[in-house]
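In what follows, chain A forms one complex with chain B and a second complex with chain C.
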Partner chain A sequence: MSLFGTSAGFGAGGTSVFGSATTDSHNPMKDVEVTSPPDDSISCLAFSPPAMPGNFLIGGSWANDVRCWEVQDNGQTVPKAQQMHTGPVLDVCWSDDGSKVFTASCDKTAKMWDLNSNQAMQIAQHEAPIRTVHWIKAPNYSCVMTGSWDKTLKFWDTRSPSPMMSLQLPERCYCADVVYPMAVVASAERGLIVYQLENQPSEFRRIDSPLKHQHRCVAIFKDKQNKPTGFALGSIEGRVAIHYINPPNPAKDNFTFKCHRSNGTNTATPQDIYAVNAISFHPVHGTLATVGSDGRFSFWDKDARTKLKTSEQLDQPITACCFNNNGNIFAYASSYDWSKGHEYYNPQKKNYIFLRSAAEELKPRNKK
Partner chain B sequence: MGRKKKKQMKPWCWYCNRDFDDEKILIQHQKAKHFKCHICHKKLYTGPGLAIHCMQVHKETIDGVPNAIPGRTDIELEIYGMEGIPEKDMEERRRVLEQKTQAESQKRKQNQEDSDDFEEDEEPGPSFQQPQPPAQPQATYIPPMTQPGMPPVHGAPGMPPANYSGMPPMMPGVPPMMPGMPPVMPGMPPGMMGMGGMMPHGPGMPPMMPGMPPGMPPLGHRPGMPHMSHVPPVTAPGMLNRPAVPTVTAPAPQPAITKPLFPSAGQAQQAVVSGPVGTDFKPLASSSAPSDPPKPTFPAYSQSPASATTSSSTVSKVPAAVTAKPATLTATSATSKLIHPDEDISLEERRAQLPRYQRNIPRTGHAHMATPPGGPMGGMMPPQQGMPPQHPMHALPTPCSTN
Partner chain C sequence: MTCSACLREGAGRGDEQDADVGTVTNAGTSIREEEEEEEEEEEEEEGMGAITDRNSSPAITVEAEAEEGGLETECGQQAFDSGSQGDDNDKHVEAVCKDMEAWESSGQWPFSCYSAVKASISGFTELSPEELRMEYYSGRAAGDLQNYANSVQQLATQWSSRVQELKILTPATRVALIAELNNPLTVADGFPAAASGFGAGGFGSGPVGAVVSAFGSADPPAGPTGFGSASSAASFSFGPGPAPGPTPAPPAASFSFSSPAPSFAAPPGPASSAGFSFSAPGFGAPPAAPPASAGGTSFGQAVGAGPVVGGAPDKLFTPQSELTPDELKEFTGKRFTLGQVPLRPPPAGLLVV
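Take a look at the complex of A and B:
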């Protein structure tokens, strides 16, 4: 039975009816397919935090909906609930206790979805679409941070219609990440700002971008003591920069690497360079995953500076990814990201979310 | 490329010990002799690259670099030209060279060792700029905030509540957000604070959720209850095994000045109380804070955007000074091509402009009532009188009746 009325369910089995025999380009990695995926491109994925038993996956899409699935231990996925915005959903996140989900949309609002009551209410308002939403849990305050194309970063106590604080950004917010006490926001025109969140959010440093092209995604990583210490920044030019906030030797410690490019060693044909759509760090190993417009995902070890794995190529770009809270599951979404313009958009084409076992493939490589 | 500087000797191939005049020629040699696939003759860039190619394309493993001398066949070492050569092999080579050219042997050795300790930065400037020592940038950002709102607030004890009017003097430091409501306490469950008007989606529920609402079993007796009968206890092996995952949230010590990440932030915030704060970061139980009249501190914080923007013009030269990027990227060069329509706007912005994604968005400036599902804000506003005029949300008109 499908709770999401529109899609034709493939049954509760979780595995696709087609593609099981031969290598099907929609799922060449033969990963588990999430049932009842959204009807338009998936923009964001988020797994439930450790505070909640079990694994619940939230996915926001361009069909204006946010869906919740339960992912069971045997790999089966069960659609649980859904909420709507009046515009495409661009970002989702969980509260630290797993009771609420925050959703950001092109309808210029962000909502708080109480999963227990299955009610959602608006908690934020901007003058332009909200691109990022993050929950901040500090010892002395909690709030929701929203980044918008209206060039502001606002912080909201969910009980009040006015923001607790509003910070100006140099340009439209394109991506952000929060790992207390650090937040990073990357904006249009290659803007890059780090914030510190202790006591109250304040701008910590503006950084000259290590990348030469439009910023697309950012993810904070932590050091061995589990404190945020830097971030990975992806651009539309098939490249990721690893940047430490206070490295002992910046020239040596910070670096960039190329990814999501077609085989360019054959110099006869030009190399195709794809955008990096999302970056996620494995919560246990500290290794990272990148997904790109080329329809591949790759796993990397930033300390050993090596690639761990690259997937086969899917027939659509991969638009979002995330790990579950213990790092056993890697979820990635296959849908069109507009990288080739609207001519290549096919509304009939199915969108997918895949789940892959992540415990083994993301183990760090021993440094040589 | 160029992350390591060149050593002061002629380029040589690690795999076969041959000498070359020029690193470019060396690289061509390596590609042709050592990184060439024996099956399809494709030339790769590195040993590991060749290994991966053979695995992915031909499903074959190779156990060594072709045409390499014994001891130098390691396929996993990433060597490109002169880069990646292990230090001990470099030294060995140097020694060998010294024996051949005994003249400057001592000087050369010393030179090499010194230059090993630091990395000449060949990188074109901006990419890896040393971040300014923490003290400096803070000077621009923090001062307005070090006494967060204290000075301005201080001088305005009897200020008419520019915030939510009509409030009798509350506990200092607690700006009344909801007139008539008890003081805002962080522990208050969110649904209870007069936002209740927003909760139900209203009658104008879009047709997409026919089976959804009331019948929908709520997600569960979540709070703390071990529900979920179909999730076996977590110790089950398999996908959801839980190794001891360290909690993500940072540990408690806040004024931790010694925290390396944001050192000056630690100092700067010393003046601030670290107790629980209300909805505007003012401490609730005004423990050590000097008197905080119930004036909203938003004006104080409005300084911060100002300071951020002024400093942005000086610090962040990114938008202006960047080397001109092509606006369209479809033909960057003969050897590569960016699969991206336009650098000026993001893919999401481009897509969101399409009419099909704009149908339901309430226009700013107009009342939300035009779109029923978007109306929720309207339901919340009326109970509050005296919303400050600087309220960013527009048009939250009284007629929430349109919901």
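Take a look at the complex of A and C:
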């Protein structure tokens, strides 16, 4: 019986076999530590899709590597394989059938990693670092979407060196998400574009950003019919915007909320405001997780508009997070995100990836 | 080099526990009431209780914040104009001033754009932490971090001055700020590519329906998309949508520390502004023959033998008499051999749809 499926979940309540017995600021939540973490900051995490039995976690890092671990039911993590780029890896994703992993790097290329053969080949080329990579599976086509600091969004058939399509962005791509048939791209200078992917990708709408500062992360959410209906957008200013594409009442349905800030109730001293580094939606409950430069993660229910939980503070920022395909596991990475510049960068400091049982804590709050 | 303006003492500030951990904030049932009062951001607590109406001006809450008196401020003394437009301007200016105070004291990332009342305010460099970090890593690999350090210092100084400028306004900067607030740049001003690429249906020249696309059937969808909706009756339109968002004010552009004039230098135009062409240097015209390779049908329906978009090849078809034996073999074969796909278009007579 899988421990991840029970409520006495792995890592919850300090009963973890792998956590340390004493309070430790590198792992205050006493969650499971993934073995052999990368040697530099972890930029991205992705769990294998449902098509694959078991749980495999991919992590990309600033050490130019992409690592794959098997996460076993008893919580043990087994390093499986690794690939290298010639520059820091900024994003990773899986194909829908779980046979391939796509990786995007500052070396201006994206690669396709065939896990069965453990071979990786280049499938995309940009003129600047590639910031985002996503697999698109449509009824009549499949392709890889890459967003780059060269201000383009390109779509690639993995067998051709030239893109199937290239779309101009208003500015450098900073973050993106895809849930067919919708894609959202957020760029520098508060650019925000929604694309529709049916038949072929095309711009659907440009949106006035609901945020005042730099866009940092975006995640699409779905409605009760399991169709993409909006997105959550995070910025460097400790704030997330919830935006529906076509709500009945935009003024009421769309909203922003503050998060990842310090000393909240004390108005005598100014607040510390931290960046939201990543947002992930729980695949079953539809609730969301945010992770920030403050070294905390928080869980939220956007429909009830309440916070479900905030973690203790880790001694490093949390740079990435993701849920596994059935929502039982929440993975988050603790490493430096450059939010305070180079003076706070310590190459010797260990980087971590933690796993936490997610089934209970992400349950929606009952609306009264 | 320590950049005191943008760096703060580390993560230890989070001493005070967030009172809302694990508890329901007063967001639950009080949301509706808060909306009616049209307040936003008046709570300093973390939590979803602060709901922001996207369409309302952030200046609405300024008065509430000023009454709390938490932050020492000179912002309230900025009233100069009279009249209702003047009052609006005063409110907006005050809101900007408050934002600058918060930004200065919060330890928040300094190299970010800033906007107020939907207008982008100039003078801020937009640079993500990853871009800055990449500059550092590049410098480190090249054995020269001095350039990086100097550039960061320069950026930080620029940020700090701009923040001061907007916090303590002279009559001249105040006028300039009000002008910016009241005249947000539209996409048309700064982003010509939008008109050409988007307005024409996004697929380069020629009627949309005839586009030879690698994506299979190219009929533009006319009905609602597969996007979920909150049971809205609104219909989707695939023409150019509602007024596109504000364009970047000064393009911060591709940031490189090694160039002598960083920051606002215009980037070299990426080749992809011709991005809607489907012709590719290595492959000539898109294959009018059955889809290439044995790798399965990623492209759905075979593309029709219609007019070719992009026009890189001189002619549409290569006469059979001009083909090399290898090319002929590929074109007459059932499928292409990977690595041997001809670079020239096939003869018209060999087209199979």
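Going forward, the second predicted complex is superposed on the first by the 348 of 368 C-alpha atoms of A that agree within 3 Å, B and C clash if a C-alpha of one lies under 4 Å from a C-alpha of the other, contacts with A are read in each partner's own complex, and residues count from 1 in each chain.
What we mean here is this: a residue touches a chain if its C-beta (ideal position, glycine included) is under 8 Å from a C-beta of that chain, and two chains touch if they have at least 3 such contacts.
No experiment lies behind these values; they were computed from the predicted model shown.
Q: After the overlay on chain A, what do you see for chain B versus chain C, clash or fit?
A: Chain B and chain C clash in the superposed model.
Q: Which of the two partners, first being chain B and second being chain C, lies in contact with A:K108: first, second, both, or neither?
A: first
Q: Looking at the overlay, does A:N116 come into contact with chain B only (first), chain C only (second), both, or neither?
A: A:N116 contacts chain B only, not chain C.
Q: Is A:F257 contacted by the first partner chain B, the second partner chain C, both or neither?
A: second
Q: After the superposition on A, what does A:S339 contact: first (chain B), second (chain C), both or neither?
A: Both: A:S339 reaches chain B and chain C.
Q: With the two complexes superposed on chain A, say which partner A:Y274 touches: chain B (first), chain C (second), both, or neither.
A: A:Y274: touches chain B and chain C.
Q: With both complexes superposed on chain A, which partner does A:K227 reach: first (chain B), second (chain C), both or neither?
A: both
Q: Quick check for you: in the superposed arrangement, does A:A188 touch first (chain B), second (chain C), both or neither?
A: A:A188 sits against chain B and chain C alike.
Q: Check whether A:N351 is in contact with chain B, with chain C, with both or with neither, and answer first, second, both or neither.
A: Neither partner.
Q: Give one of first, second, both or neither to describe whether A:N55 is in contact with chain B, with chain C, with both, or with none.
A: first
Q: Superposition on A: which chain C stretch among 8-16, 80-88 or 116-124 collides with chain B?
A: Between chain C and chain B, the clashing stretch is 116-124.
Q: On chain A, what residues does chain B touch that chain C touches as well?
A: In the superposed arrangement, which is not itself an observed complex, chain A uses residues 43, 62, 87-88, 90, 106, 127, 129, 131, 139-142, 149, 152, 157, 159-162, 164-168, 170-172, 174, 180-182, 188-192, 196, 198-200, 202-210, 212-214, 216, 226-229, 236-238, 245-246, 250-252, 254-256, 261, 264-267, 270-275, 294, 306, 310, 337-342, 368 for both chain B and chain C.
Q: Which residues of chain C touch chain A once you look at their complex with the stated criterion?
A: Touch residues, chain C against chain A: 2-3, 6-8, 10-11, 13-16, 18-25, 27-29, 31, 35, 41, 44-56, 58, 68, 70-71, 99, 101-102, 105-109, 111-116, 118, 120, 126, 128-134, 136-137, 148-149, 152, 187, 191, 193-194, 197-198, 202, 213-221, 225-232, 234, 236, 238, 241-242, 244-249, 251-252, 254, 267, 270-273, 275-276, 278, 280-283, 292-293, 295, 298-301, 338.
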